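After this come two complexes, each holding chain A, first together with chain B and then together with chain C.
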Partner chain A sequence: MSEIPFKNPGWAGNTGEFDLTEEQVRGDDLVGKRPVDGGHPSGAASYPYMVADRNPDATLFEGPYRERFEKILSRYPDKQAALLPTLGLAQEIRGHVSPESMDRVAELLELSPAYVRGVATFYTMYNKQAVGRHLIQVCTNVSCNLCGADEVLEAFLRYNDVEPGETTEDGNFTVIEAECLAACGFPTCVQINSRYYENVTPTDVPGIIEALRSGKAGER
Partner chain B sequence: MADTPATVTLTIDGREVTVPKGTTLLKAATEAGKDVPHYCYHDGLSSPAQCRLCLVEVEGAPKPMPSCVTQAMDGQVVRTESELALDMRKGVLEFYLVNHPLDCPICDMSGECNLQNYVHEEGREHGRSREPKRVFGRDDFGGDVLYYGDRCVMCTRCVRFMSEVEQDHRLTVVERGSRSVIDTFFEEGLEGTHWHGNVVDICPVGALVSKDFLYKARAWDLTHTPGVCPNCSQGCNIDLHVRDNLVQRLKPRENLEVNAFWMCDYGRGNYEWINRGDRLEAPLVREGGSTRAMGWKDALSRLLAGVEGASGKGIRAVASPFSSNEDLAALRALVDEFGGGEIVYRSARAEDEIVLKGFPTLARRRDLAPNGKGADLLGMKRVGGDDATGGLEGVAGHGGIVIVLGDALADQGADFGSAAALYVYLGGHGGPATANAHFVLPTATFAETEGTFTNFEGRVQRFAPALDAPGASRPAWLVLNALVAERTQGEVPRTAAAAFAVAGTKAGPFAGMRYDEIGPRGAVVNETVSLSGD
Partner chain C sequence: MAYPYVSDREVRVLSRYFGDPMARRVDTYVERGGYQAAKKAFEMGPDAVIEEVKSSGLRGRGGAGFPTGVKWSFMPKEPTRPHYLLCNADESEPGTFKDRELIRWDPHQLIEGVLIGAFAIRAKQAYIYCRGEFFETTQVLARALEDAYAKGYVGKNIQGSGVDIDITVHLGGGAYICGEETALMNSLEGRRGTPRVKPPFPAAVGAFGMPTTINNVETLAAVPHIVNNGGAWYRQWGTEKSSGTKLFCVSGHVNKPGNYELPLGFPLMDLINDVCGGVRDGNKLKAVIPGGSSVPILTAAECDCALSYEGVQEAGSMLGCASVIVMDETADIVKQVRRMVQFYAHESCGQCTPCREGTAWMTRILRRIEDGRGAEEDLDTLVEMSRQMTGTTICVLSDSAGAPVVSSINKFKDEYLALIRRGERVGVA
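The block that comes next holds the complex of A and B.
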């Protein structure tokens, strides 16, 4: 595993000054398993649901996370402006943004809890409920839909035996519907955590799921 | 530098209007007699220009402009009813109806709903959407507010009221797109805020409705009568909405110098006492051991005869701060006529003021009666505690004439006034303490007569009768002034205006005022009287 301190130019809270290893930030399962085509090595990890510890009961903003929170604050002219990255940090710690997290963020940033809830629910990349290790987002917008996205979504749901938004019993997969993922040239597009799976058809579904389950993601 | 004119002249729908610089097109159009449909814009709030309904055509502009934020400019040519503008609004309205449940028959807002009105005026006859509508159901916001998400047009007036005016950011837009709803922080609700009833008023559709008013009356069955809120000394301007001779709800009426567009929840919810059914309905006269109901003429002539026998031992009077200036002045005139004496009144005080942060001259005042100031100006003295009890020791056992106006004496025992040579009670409700009265005279409440209140800052404001007084009840000013006139052989003031003139003779501050000249914003005592219609 990597010993190099993780440097992330894309994540507002982390500019590399902190002693977080890549594992701590990205989680063990994806370190060294970057997208096949390369991509930006840090962009993927910057997405908030790529958590090191998915612990819904974790104390918010303590230790290194407190330092990162302070760092976030220092980058904005006022506390309200720091809301989005702070919510992102809360999601990184707990895996999703729960009502308690929103309340805590509101308290820290001196905002009203209702306002924080409004912001958190506006952005789809904040998970309002706990999700599995792999968040499978199936695009069902126009292009994908015309190319059979509904069937792909159905296949993911049936293969995992879940309803949309539900997590499998082993805590591995959550399947949700997504609006346009901006991959209209390659329908159906499915985003699993930070990775795009393009031109997915229902027959690909078992392979993708099993690859993820066996930890061989990215070797499709 | 050349002088820049403070006004601009523009043409709206072919009509030239001149408005102050900085006026929005929406307000300028109102000047020109055109009401541009709008949801998100409200005079008391900021303009986010997000409802897209007030779009108008401006000559030379590349696309329609939202009139609520576009400032009028010199020489501008605006069309609010051109084909383009109408087409634009028709399209916007069609979008509003895509998910609207059209449940007008069971919606409280029906009849005063801006969606209903605008669609009726400018919308399509039939919708074209064939998609199923999304359904949210209703949400209890706590306090007096229910939220029907399906009816909501997302104008965010309520969100902005709470954040800008009440300055307690409890409401927010949750989710996005067609899933958006207004909500609080999960179960937090609006409980504990003191002005949230206003979000129901400013909601242009039936999304936010009052629990108190829910399914009580249809909007078109209500008569609206301008009045003044009787629940504290702020004197908020209100409309009394009445059906079947019962007040169904109170709504704020615009007066930028007193309450702007708002009123507090305390005042709004405190109207049931006006509807009390157990009213005195005929003059009651106690002669010997029995009490008889009789006509006014008989009762008053007996009263005057009684005064002859009782005068000489002094007169004590109790007034009520819920009585109008006219009533109080008439009482003052009568007491003076009977030889003069002290008039006291009792008035409740709340723990503290509840200030509306975004409009800090408006507050639920500590003084929980509308006319304590008027009583003070007429030389009456406040006695008793902060719960409006006690303080009547000097009156209860008085041996001369005792006159009580309006105060129900709820805390007084059955022996109140038993020693009085003549005990006259004027009010709407009887009680144990009125049992000894020689004369019980039924009088009208503020909601049943015309008159004025003087608010805490000395602003005299008129109110109109909204209800019919029960039975033979008469305004107290008419009864009291008739007694005075009988004694002095003078003329009985037959109008509230004439009764108000009596106040001018009894208290200097009222002397400079004329009833007819008290405009819709009221007039402050010892200040220039604003002209009516101002």
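The block that comes next holds the complex of A and C.
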């Protein structure tokens, strides 16, 4: 594979020949500052963040989370329509959506538990099992693949000494292969929790992992 | 340089403020003339807006290219029930990365387009359905929307016009198929994202059983410009059948990949060689997929075509969402085709047997060929499977999966045969 000759200002901060900072490209002043209660109801369903800091035993939908849930409900003509955002909310709080969380969501939205399971398992983003604090999703679809995505995936797996889907022993990282993330012009695109890293090459991998491990990559 | 690669051959209408961090702010947007188109539209009335958009010739940018004004005119004129506008921001077609850029650089442009679209189809509620992975992107959008509400550009009695329109940002759960319009409606309703049988069409029975229109992000983002400047103005670019400008998402083996806004009808070879700085490393061009992974592949010799809906069709493919994937001589066609089909197998919703079984089997056969264990008959089997998977299912995902397979077998048969006969892969260093 030839070295990728371009460095766009993706969200990884490869600002190279361009005069924008990483923050400007990412819109950092707008991202990551929204209140837990959801802020204005129009955007309340547009969470959650996939945060590193979460607790599998936390109580669901209390305090500000309850407020956000109510705001979400207010935007749809029926309760069922709030199902996807509510599952997302449960995942934001607990890190994954266990059968028990699904039952709780079912109860809240007056749906049957079987129905909720059927829906939750249809979508890839609801983690049915606990994942590492940082979920690393490497796009290996065609555009990224042409530019060496398989090597990037391999580098993440090797550096962490894991198989796809496996979590590192310290509970920090889970690495999986992802489908196209809609950043095909900035290959390889890697989504880590809520954040997109673009133009990632195998040589960037140790730096990214260590930045995440030390908390320098920013929490989101 | 302010934004990843710009070209002086671009006509930047929708992408004008890409790379300008200030464009995300409501005040900047208004200073630059924002939200005037919405005001003007409210004064014109829904029918006049629809006529203006019809006259512009704007065609849907989500892939199918259906004329937007005509689609809007299918909605009932006298609403007896709620109407809905859904903005399709599920962008997941491999090779496509324009909607995310439109949202994260210029969210108010989209919000204004959604307002006008909703007004034209007489909807009081619009949803922007963003793919679940777009956390950061939707945060930018949600913040912009919140600001627009605060300033009275969205919500009740917008800009004192008496018009009420609410917009809600919705986040999906990760499933390509939810980009298909009826699957998107199911998903929005809290169901599995499975496409519905048509008819009934969304304009009659759509989201929540109500008349609904679905438009792509780029389609709606173009609308404020058309309302401001008129349909004839928009027609100064493009061809008779493909009017206006279009964002071309160029990825793969070019020196300067990225989004370029160009008049429709722009020559494909100029896009690659001039706008995108040529094929990387001075390599030779091998193939181009001009419209995202769902369209037939073009050989280098076929790339001498115009990037309009009709031009690409004449060349034997489809413009789709204008996602141009460029492959140079080092590209491994069989591997890339397998990767695309694997994607469809993963994303098939599973309702229709030809699609569910077909995509999975195609992946297995292609893997076998890739591993040097294929047989020549496999190629006939693949073509026959694709034939059986076309036109036999609820949605066109099944048809799409066959497009790269059949076209690559027809055009790059020697690569398949080399693998089958000698277990040898062409092109890979």
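We adopt the following convention: the second predicted complex is superposed on the first by the 166 of 220 C-alpha atoms of A that agree within 3 Å, B and C clash if a C-alpha of one lies under 4 Å from a C-alpha of the other, contacts with A are read in each partner's own complex, and residues count from 1 in each chain.
The rule is short, and it goes like this: a contact is a pair of C-beta atoms (placed from the backbone, for glycine too) under 8 Å apart; a residue touches a chain by one contact, two chains touch by 3 or more.
Since this is a predicted model, take the numbers as computed values, not measurements.
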- [ ] Go through the superposed model and pick first if A:184 touches only chain B, second if only chain C, both, or neither.
- [x] second
- [ ] Considering only the touch criterion stated at the top, classify A:113 as touching first (chain B), second (chain C), both, or neither.
- [x] first
TODO: Please determine whether it is chain B or chain C that touches the greater number of chain A residues.
DONE: C
- [ ] Determine, under the contact definition given at the top, whether A:122 touches first (chain B), second (chain C), both, or neither.
- [x] both
- [ ] Determine, under the contact definition given at the top, whether A:103 touches first (chain B), second (chain C), both, or neither.
- [x] first
- [ ] Could you say whether A:196 touches chain B, chain C, both of them, or neither, answering first, second, both or neither?
- [x] second
TODO: Determine where on chain A the residues touched by chain B overlap those touched by chain C, and list them.
DONE: 111, 118, 122, 124
Open item on the list: Which residues of chain A touch chain C once you look at their complex with the stated criterion?
Closed with: 1-2, 5-6, 8-9, 11, 17-20, 24-27, 30-32, 34, 39-43, 45-50, 75-78, 80-85, 87-88, 109, 111, 118-120, 122-126, 140-143, 145-147, 179-187, 191, 194-196, 220
Open item on the list: Help me check something: in the complex, which residues belonging to chain B touch chain A?
Closed with: 163, 168-176, 183-186, 188
TODO: Under the touch definition given earlier, write down the residues of chain C that touch chain A in their complex.
DONE: 1-5, 19, 21, 24, 82, 91-97, 99-100, 104, 130-136, 138-146, 149-150, 154, 166-176, 187-193, 208, 249-253, 255-259, 280-281, 289, 293, 323, 325, 327, 330-331, 335-336, 339-340, 343, 346-347, 349, 429
- [ ] Would you pull the chain A residues touching chain B in the complex into a rising list?
- [x] 99, 102-103, 106, 111-118, 121-122, 124
